[in-house]
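Have a look at these structures, which come just after this line.
Next come two complexes built around subunit A: one with subunit B, the other with subunit C.
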Partner chain A sequence: MQMSRNEIIEKLKDIIVSADPGLEERASSVTEDTRIMQDLGLSSIGMLYIAIAIEEVFAIRFDNVGISDFETVRSIVDYIEKKL
Partner chain B sequence: MEEIRPPKNYIVYDFVRVTASPGLIVLRPKLVYENEAAERFVKHGMKGGVLLISNHSGFFDPVHLMLSIWRRRHHFVCIKDFFEGNGFKRWLFTQFHCIPIDRDNFSMGSLRRITDELKAGKLVSMFPEGHVVNEGDLAPFKSGMVLMALQGNCPILPVYIKPREHFWSRLRVAVGEPVDLKALYGPRPSLKEIDEAAKSLRDKENLLSTIF
Partner chain C sequence: MDNIISITSADRFAKYTSPEEFARIRDHGTISAMWTHCAREYAALPAINCDDKLYSFAQLDHDAALLRSALREAGIEPGARVALLSSNSYAFVKAFIGIVTAGCTAVVLPAHLDETAVFGCIMKFGAKALVYEEELEAKTGFARARLAHIGFISAEAQGESFVPVYESKPGDGCVIMFTGGTTGKSKGALLNHGAVMQGVINGCYGYEQVFHHRMMLVLPLSHVFGLIRNLLSSLYTGSTLFIERNNKDMFRDIAFFRPTMLVVVPALAEMALMLSKKFGRNMLGNDMKYIICGAAAVAPYLVGEYKKYGIALFPGYGLTESANLVSGNPESFEKPGSVGLPYPNQELRLENGELLLRGRNMLDCYVGEEEEAWQDGWFHTGDLARFDDEGFLYITGRIKEVIVLDNGENVSPAELEARFNELPFIQDSQVFEDIDETGRHILALEVVPRMTELGALGAEPMKAITEKLWEVNNAQRSYERVTRIVIRDKDFDRSPSMKILRYHKCK
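And then the complex of A and B:
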């Protein structure tokens, strides 16, 4: 499956909103530089939730990586791109 | 985090279970059930994947759980520190099919291992307080267990181990009715609902602590 980085970010925004509808406003302004925990205020459980959703939406499988290793949206997009 | 593969068999685990089983005669806990559904669930073999959660008031709680639910093999979720080095401790925890987790940086490998065991119809046991709490109220529950049960497509069985007043007094354990999170929250609850579920499971544990 080929996807541009922008398409990946758009899908990530949908995932963030489905995890927490209260984050809709912040999710709409997500860029590659957005820090997931600090800027979006997601907890480690929130990160885990998003990682599970990413596996389902993008049909990829995370390796044995720590969820806190993904500091910014860019790091997630890079990983997804590598796996697609 | 380093991925630790479980052994392909339960030879060591079952050897210890069988040789230690006479101990059940003197150490067998008194089980108290929340209701008939809880009793039926446990007495009819707890078939399929189950995520058992318990309070954690002492170092021997895993042994207490094994004595309480002794018909099934427990796969305990425990901190990665127990697997450090290459010594006996690491060997023992590996042979007992314990699942290491990193509390500071939870890995997808740990989640996959837990959900794979649950999907394979096994019993995974954990202490959602995350550490030993031997005084006062239960600590807040980590909501990761809710995600694990949802991903593992299994019920959560809440269990409360009553701290002993004297070391010679008989151990008492309360077993709650299994909770089917998918029936309560659907297959994909929001993060808020996941936190609510963790809080309600803690409330349930508090309730279990009063039924002795």
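And then the complex of A and C:
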């Protein structure tokens, strides 16, 4: 699957909003520098949701890592890019 | 006040289950006798599916016997306490069965404890040995260096002598489980064999097909809901239990394991529902028949939504101290807000609105604690409850959370929250006492909206939500009305077991 970084980020925003209803406003301003834990403030179930949804949407599989292992959106995008 | 006592007979549940299966729900008196029965009755059937391996009941019986014999060879006699440190794995299952059938009491340690906490638990609970999963061996170092007289035994240890299953008595200790600690520090509740046996049987009441399910384990086995309702109920009913090693993989694993029953906390049930809606298919698979949901308040919305997928979600109520289940709701479609009918062999009593319990499924004591579990023969749950005309139980709040207003009126936040949570677009809410700009004590409400339902609210969903919330609020008795409503932009802070951490702004 070919996808630009911007396309990946757009899909990530969509996943973040669906993971937590209140994050719509924050998700719209997500950039590669957004920090997963500090800036988004997701619950543990929210992070589990995001991991599952990323695997589903991008048809990839995370190795032995969880969303909390990624510091920023950039590091997730890097990971997804490598896996695509 | 309201000295209502409720006792339910097992017969009350007969109508929900096929007669053949209901007749098979038998009491073996102890968990060791139950296991002997299961190993013989289901020998060739698959008991556990873990790490791509399938273990039959006969294999599990064999492996548990090796551990039992290793315990005896290490000098561990029946009656001793044996700590168990393991993540959710086959190693946990065979070790637990091995320890209990050796006549020992298993002290189940949460796998996330660090090595000093492991040491502390061995000391506090007087364990004679620690059985550990090999992956967690590093956590035994601190204790090993200080406790020369304790046996440190790998879950993979294999003794050479034959040691038969010890014939425990119903009153003998079976397991010590940590309480959730939502009301204070975590304590170790001692449950005897009879209590755990009753807890296992309770999990069999209230639905059509009881035996030979495919179940999936996603809850920690160090929690009674995982250990008793998930693992032991699965073994008792001759079902196959798939042990999910990483919850992130659960939906992929569901696709090939095709479970028929799932035991989850409400937050996980909600997440599965959100994913199903997002991807336009039932993520729990078309074979899923039943979801057993508990350990926190279950929103009636979940019952209705899962019904659309052909899945019956049963809310229940239970405590670590009651060997898991006190009640379960066999009529969740008709009474989605109820935690159901109390299970047999226990008495429930309301005293000043508080739910009191006694019966076979209850703990013996908190181990090593000064705090007495019993007052005048009753266990005080701290939960506020009521019964309807048909004997169905409703949890309306917690005593410690009751807000006493300036005018002396008592308000139960959970009872109020349940009314707001009935709105389909409200995922969670919290009613609390706050202080306004003038220094006046007020009742306030914060809600987390449910994203998947906002589409139905038109162009301005937040405005619509606010209007509906005030509408519900204005329908309450005057002293129960909140004076401030905030729609949050993120979830509430939660405890490790996903319970909302309550605000204490005026204490």
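We adopt the following convention: the second predicted complex is superposed on the first by the 82 of 84 C-alpha atoms of A that agree within 3 Å, B and C clash if a C-alpha of one lies under 4 Å from a C-alpha of the other, contacts with A are read in each partner's own complex, and residues count from 1 in each chain.
By definition in this document, a residue touches a chain if its C-beta (ideal position, glycine included) is under 8 Å from a C-beta of that chain, and two chains touch if they have at least 3 such contacts.
As the structure is a prediction and not an experimental result, all values here were calculated from the model.
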**Prompt:** Is A:Asp69 contacted by the first partner subunit B, the second partner subunit C, both or neither?
**Reply:** first
**Request:** Kindly classify A:Arg35 by the partners it touches after superposition: subunit B alone (first), subunit C alone (second), both, or neither?
**Result:** neither
**Request:** Examine A:Arg5 and indicate which partner it touches, taking first as subunit B and second as subunit C; both and neither are also allowed.
**Result:** neither
**Message:** For A:Gly46, using the defined touch cut-off, is the partner it touches subunit B, subunit C, both, or neither? Pick first, second, both or neither.
**Reply:** both
**Request:** Have a look at where A:Lys83 lands relative to subunit B and subunit C in the superposition and call it first, second, both or neither.
**Result:** neither
**Item:** Touching partner for A:Asp20 - first (subunit B), second (subunit C), both, neither
**Value:** both
**Message:** Show me the subunit A residues, by the header's touch rule, that subunit B contacts in one structure and subunit C contacts in the other.
**Reply:** 18-22, 43-46, 48-49, 51-52, 62, 64, 66
**Request:** Within their complex, state which residues of subunit A touch subunit C.
**Result:** 17-26, 41-46, 48-49, 51-53, 55-56, 62, 64, 66
**Complete:** Per the touch rule, the subunit A residues reaching subunit B in their complex are 18-22, 43-46, 48-49, 51-52, 62-69
**Complete:** Listed in rising order, subunit B residues that touch subunit A in their complex are 1, 3, 102, 104-109, 111-112, 142-144, 147, 151, 188, 190-192, 194-195
**Prompt:** In their complex, what parts of subunit C are in touch with subunit A?
**Reply:** 246-248, 250-252, 267-268, 270-271, 274-275, 278-279, 427, 448-452, 454, 487-491, 494, 498
